[in-house]
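Each structure below appears as structure tokens.
In the two assemblies presented below, subunit A is common to both, partnered first by subunit B and then by subunit C.
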Partner chain A sequence: MVKTRKLLENIFFRHIPLLITMLFVFMPIYWAMVISFKHEKDIMKKPVQLLPNPATFENYQFVWSKTGFSRYFFNTILVSGLSALAVVIFAVLVAYGLSRFRFKGKRSFMMIFLATQLIPYNMLIIPLFLIYKNMGIIGSLTSLIITYTTVFLPFNAVLMKSFVDGIPIEMEEAAMIDGCNRMEVIFKIVLPILAPGLVAIGSFAFLSSWNEYIFPVMFINNKDNFVVSVGLNFLIGQNVLMYGPLAAGSIIALSVPILIFAYIQKFLVQGLSAGAVKG
Partner chain B sequence: MFAMNTELHKKYKLKKCIPYIFLMPAVILIAVFLFYPMGSVFYYSLFKYNLAKPYANGFYGLGNFIDILTKDKLFYKTLWVTVKWVFGTVSVQLIIGLLISNVLNQRMRFRGFFRAATFLPWAVSGIITSMLWSLIYNEHMGLLNTILLNLGIIKKGIAWTSSLDTVFGAIVVAEIWRGFPFFVIILLASLQNIPESIYESCRVDGAGRLSTFFYITLPHLKQTIIFGTILRGVWEFNNIDVIYAITGGGPANMTTTLSMYMINQGIKANNFGYAAALTVIVSTILMILIYFYMKIMRYSEEGM
Partner chain C sequence: MSRKAICVLLIVLLVFSLTLSGCDNTKVNQTQKTDGTQQTSGGEKIKLDVWNCDSAPMYTDLFDEMLADYMNQNQNVVVEYTGIPWDTSKQKFDTAIATNTAPDLAYIVHSWVASFAGMGGLVPMDNYFNNWKEKDEFDLRFFDLDYLILDGVRYSVPCEMLYPVIWYRPDLYAEKNLSVPKDFDEFFGNIEKLTDKSKDQYGFTIRGGGGSTMMLEAFLISYIGADSYFDDSGQCVIDSPEGIEGMKRFASMYNKYTPESDITNGYKEMVAVFGSGTAASVMHNLTSLPMHKENLGDGNFSTYTFPKAENGKQVVCMCAVAGTAGYSIFKSSKNPDAAWDLIKFLINKENNYKWCSTLGVLPINKSVLEEDLFTDDLIFRNAKEVLENENITITLSPLYLPDFDAIHVNLLEPAFQEVLTGKKTAEEFLHEWAEAFEKAEQEYRNK
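Our next item is the complex of A and B:
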């Protein structure tokens, strides 16, 4: 009696919800993979095949070498990498300053950083467009790096602060008593302990930059400077809709975030909530 | 107390500067590329500034605002679409998030895997989400039509993203796919702070799963739910990736949210002044809503 009740509870409160979630999450990814491995002539064939038969790599080869996708891919890595680096450097400075000192205006700084989370950042597109035009860098990868660094810095700085807060200040005090100055303390004590946090925040920033879409689609006109998200959208805009290469391109573009995600997912539960909720 | 000599005093003063030096680079960056452009939006909102009609450009006072509020029918239409969009996406994401985070908080085999798998769409961009779901919704080779046809539920394939009846639901589902992991993540973090002993004493007292959920879990999650919905609400309000990529706001402006309308006016129609005024109105509405939401939530807390 108790056992059946327990079993029923498990089925209703655990197995069924999990099963539905897994189907919901993986269905779109599964379908894109199926299409990416189908021959072009099989994609439209009725009845629709649920598995590619026979499977082919031609869509991947086509999208990578014939559409400029490889260039977009490396552009995106460059932009995301440099933005992530800049975010990490600025965020460490901010986090250390906020975590280790008491000073006038500290509360206001925190408030400003948190308030930026509520800015409707689409409103920045037009003025930034004009600023970059005046600076002569509109349409360049630099304009993207500046934008990403600025937009992603506040959240990541607050997140970084929670990592720095976790390092006991006594260690630094002990080192200072032993004659280290502030710079030595930062480079020899704080940064090594902070390493996992640096990587996690770098990954967050990289992922956010990699996924950004509206800024590049508005700022970049020149095909040489396309990033992956814009390149994919451009593929849709072509006259002939090529579902196979489109699906293959999506899977390639998806692979990088998933690799990063595999690393940072263990930080997610503590990280996102520390930055987003507790503030 | 002790008297400070000048040497020490100087050192003390220098020390006071240190934290500001740490913050300086970030503050400069944010001031120049975030706050200055924001301010300039307010400035432009008072001008007629249209690259397509330069002869008419100039100071226009509150004219843009008056035009929007009195003449622009599309503005009110997009306002309603925005309400549906934000409410539809955030409420469902929150409900799924509540359910799944509670499931994933239980002890079970392969919990690590199930958690990671559930979080996965969080890492996927709006544009990729659009691609993946477009392939599902496709009229001719989409998975959804294939399944429904095989089950005999429909006789003929449906064009999910171009039919007036289904387009809105279609993009909302795609956005929910990408957004619900956010709630799972923050709620799970909050759930882990509830001591196991409370649940045990509930079990001893004979409380069922549902009453435990409503009397223990939900009140504990309240703060997280409030902040989560605000953050997500603002985020969905602003976010147009999926709309832009799947429908572009169409058909017949059925999926044009305020943010989408703003972009269309500013970039596509080159109507900067008008778009800036729209932005000011949009941000004002957003701030007022957040204020009232927090006030109501706080009020109900005091009432408890």
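Our next item is the complex of A and C:
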């Protein structure tokens, strides 16, 4: 009796809700996947085909070679990777400073730092455009890396601060008593313990950069420097929509974030909940 | 040990900064852009930047071909082409004009000309146009439209023209023994007869999302049979009793003879509903031709022109989503003369044919309009007949108003959805519409 009740509870409160959630989450991805393997003429066909028959790779070939997606993909990895690296380096420095030192204006600094997150990106476009134009870097990937590092740093630095707060200061003091200086303490004690935080923040920054659209579309004119988010929109015209290549491009664009999520999801959850119970 | 740590940090920073410099591979181009020229070993070449407000691959192919031909014929010119994704295209142009980084010339939809000219972003083209020897080869009716010549200054030249049509499925019409409607009663009657909700079959599909009211505008002007958007006293005709009647009839189709999802459907969803066979007819311009061919196959669809209004006039309205589009030269160009030369090349007979036959639009070059494609192909032939039929009036939307786009996008589109859901009456909606345009028109006249 108890066994049956437990089984029913499991089915109704665990398996069915999970199944429904999974359907909601996977349906769009599944559908994009199916369309990406269909011939253009089969996409609109009625009755709807749940599986591509016959399947084709032509959408992937088209999007990869014809629209310059291979180039956009490389650019996106470069921009997202370097932005994430820069965010991690600066976030560690900012977080350590905020966590371990007392200085005048610390609270105000934190407030201003976080307040920058409230500014809509659209408001930044023209000022940043003019600054980069005067610097001679408008249209380059550098302009994107600088922008992403700047706009994603505050949130990630504050997040990193909660990781640093979680490391007992006594550990650093003990290391200093044993003869370590501040740099050695950071590199030998703090950073190894911070590893999950570094991964979480690096991934946040990477994925945020990967998905960002408005800055590249505004700053970049040379198609050699376009990124994936812009490349996908190339397939959506005012009067033309290339469903097959668009679905194939979406799957390619999704592949990197999915792989990253699969690898670091436990760090991400840890990162999001870090400091959640602190007073 | 501490030295080692500092070394590691410095190396990371060095690698990072070197990589940053390394990926800055457009610096040369951007530096060149500021003076508009490019130094080459063979001497000085003129560099022209061409933007297209639409980045769809079919445009890219066309431009690649035409620009390669141009560069072959003009070895001293280097042309760089950039297509801008449509959904952010206007914002991109606005930013470029505001920061003085606009291209030399661009292909733009003509509903933007007033706004760009108002920002001081466009070069007057009167001198170029007046001295253009070949201009008589073109249908000059479409060069002298009031939204291309603002305050007496010409800011753009067209390369294509189109107007709204009703796309329909002749096979479904034949099944129900229906013919092309001669008036709006037959138009609505056909739609009702073609609907069978139990089979998920609808007579019509409405564009309720982005661009909805620009298309609706064309419908209402045809329904009213209006030959101008404003009457002599500056009153907008859209909220006339005929307009209100047309609006009520149009809105009453929603979710009865059209799918429920229409309320948020933009262009692509609307075309997909027609393309999947769910709707028997749809209102759009000629540019959806390639999509219909792809979705339904050649010969499985056709077009008809908006029927006669109750006042006996047959009117087609050239609106923001079904009018002309073409080329403008931007103020930031350092080579406007070269830009004009390229524009002439892009709209010459050969290229105008290439352009129009690929995109499914009507040419503005008179001899191209007489090519076999435009006289033999049913869709083009129907479209051409409208241009030649003296009994059909072509009415223009007031695209010359700088606020035209903003009124539609910010005010009318959300309000139209309220009408469809019954939260707003047709009268309220059209009065708001008329009021907004009358105010904009008054401001324009008083300028």
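The rule we apply is simple: the second predicted complex is superposed on the first by the 237 of 279 C-alpha atoms of A that agree within 3 Å, B and C clash if a C-alpha of one lies under 4 Å from a C-alpha of the other, contacts with A are read in each partner's own complex, and residues count from 1 in each chain.
Just so it is clear, a contact is a pair of C-beta atoms (placed from the backbone, for glycine too) under 8 Å apart; a residue touches a chain by one contact, two chains touch by 3 or more.
The shown structure was predicted, so the numbers you read here are calculated from the model rather than taken from an experiment.
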| item | value |
| --- | --- |
| Subunit C versus subunit B on the shared subunit A, clash or fit after superposition | clash |
| Which superposed partner A:M22 touches (first subunit B, second subunit C, both, neither) | first |
| Partner chain(s) touched by A:K3 [first = subunit B, second = subunit C, both, neither] | neither |
| Contacts of A:N221 with subunit B and subunit C, given as first, second, both or neither | second |
| Subunit B versus subunit C as contact partner of A:M183, first or second or both or neither | second |
| Partner chain in contact with A:I125 - subunit B first, subunit C second, else both or neither | both |
| Which superposed partner A:N233 touches (first subunit B, second subunit C, both, neither) | both |
| Chain touching more of subunit A, residue-wise (subunit B, subunit C) | B |
| Which of subunit B and subunit C A:L153 touches, first, second, both or neither | first |
| Contacts of A:R107 with subunit B and subunit C, given as first, second, both or neither | neither |
| Touching partner for A:V94 - first (subunit B), second (subunit C), both, neither | first |
| Clash with subunit C, by subunit B stretch, listed 150-158, 186-194 or 294-302 | 150-158 |
| Common interface residues of subunit A - those touching subunit B in one complex and subunit C in the other | 44, 125-126, 129-130, 213-214, 217-218, 233, 236 |
| Footprint of subunit C on subunit A - complex, ascending | 40-41, 44, 46, 66-67, 78-79, 82, 85-86, 89, 125-126, 129-130, 133, 136-142, 145, 181, 183-184, 186-187, 213-214, 217-218, 221-225, 230, 233-242 |
| Partner subunit A, residues of subunit C touching it in the complex | 1-2, 5-6, 8, 12-13, 16, 19-21, 23-27, 29-31, 49, 51, 53-59, 80, 82-88, 91-92, 95, 98-99, 101, 103, 109, 267-268, 271-272, 275-277, 285, 287-288, 290-291, 294-295, 297 |
| In the complex, subunit B residues that touch subunit A | 16, 18-23, 25-27, 29-30, 33-34, 36-38, 40-41, 44, 96, 99-100, 103, 106, 108, 114-129, 131-133, 135-136, 138, 140-141, 143, 146, 150, 177, 182, 185-186, 188-190, 192, 209, 223-224, 227-228, 230-231, 234, 237-238, 240-241, 244-245, 259, 262-263, 266-267, 272, 275-276, 279, 282-283, 286-287, 290 |
| Touching residues (chain side subunit A, partner subunit B) in the complex | 9, 13-14, 17-18, 21-22, 24-29, 31-32, 35, 43-44, 47-48, 50, 90-91, 93-94, 96-98, 100-101, 103, 106, 109, 112, 116-131, 146-147, 149-151, 153-154, 157, 182, 207, 210-214, 217-218, 229, 232-233, 236, 243, 246-247, 249-250, 253-254, 257-258, 260-262, 265, 268-270, 272-273, 276-277 |
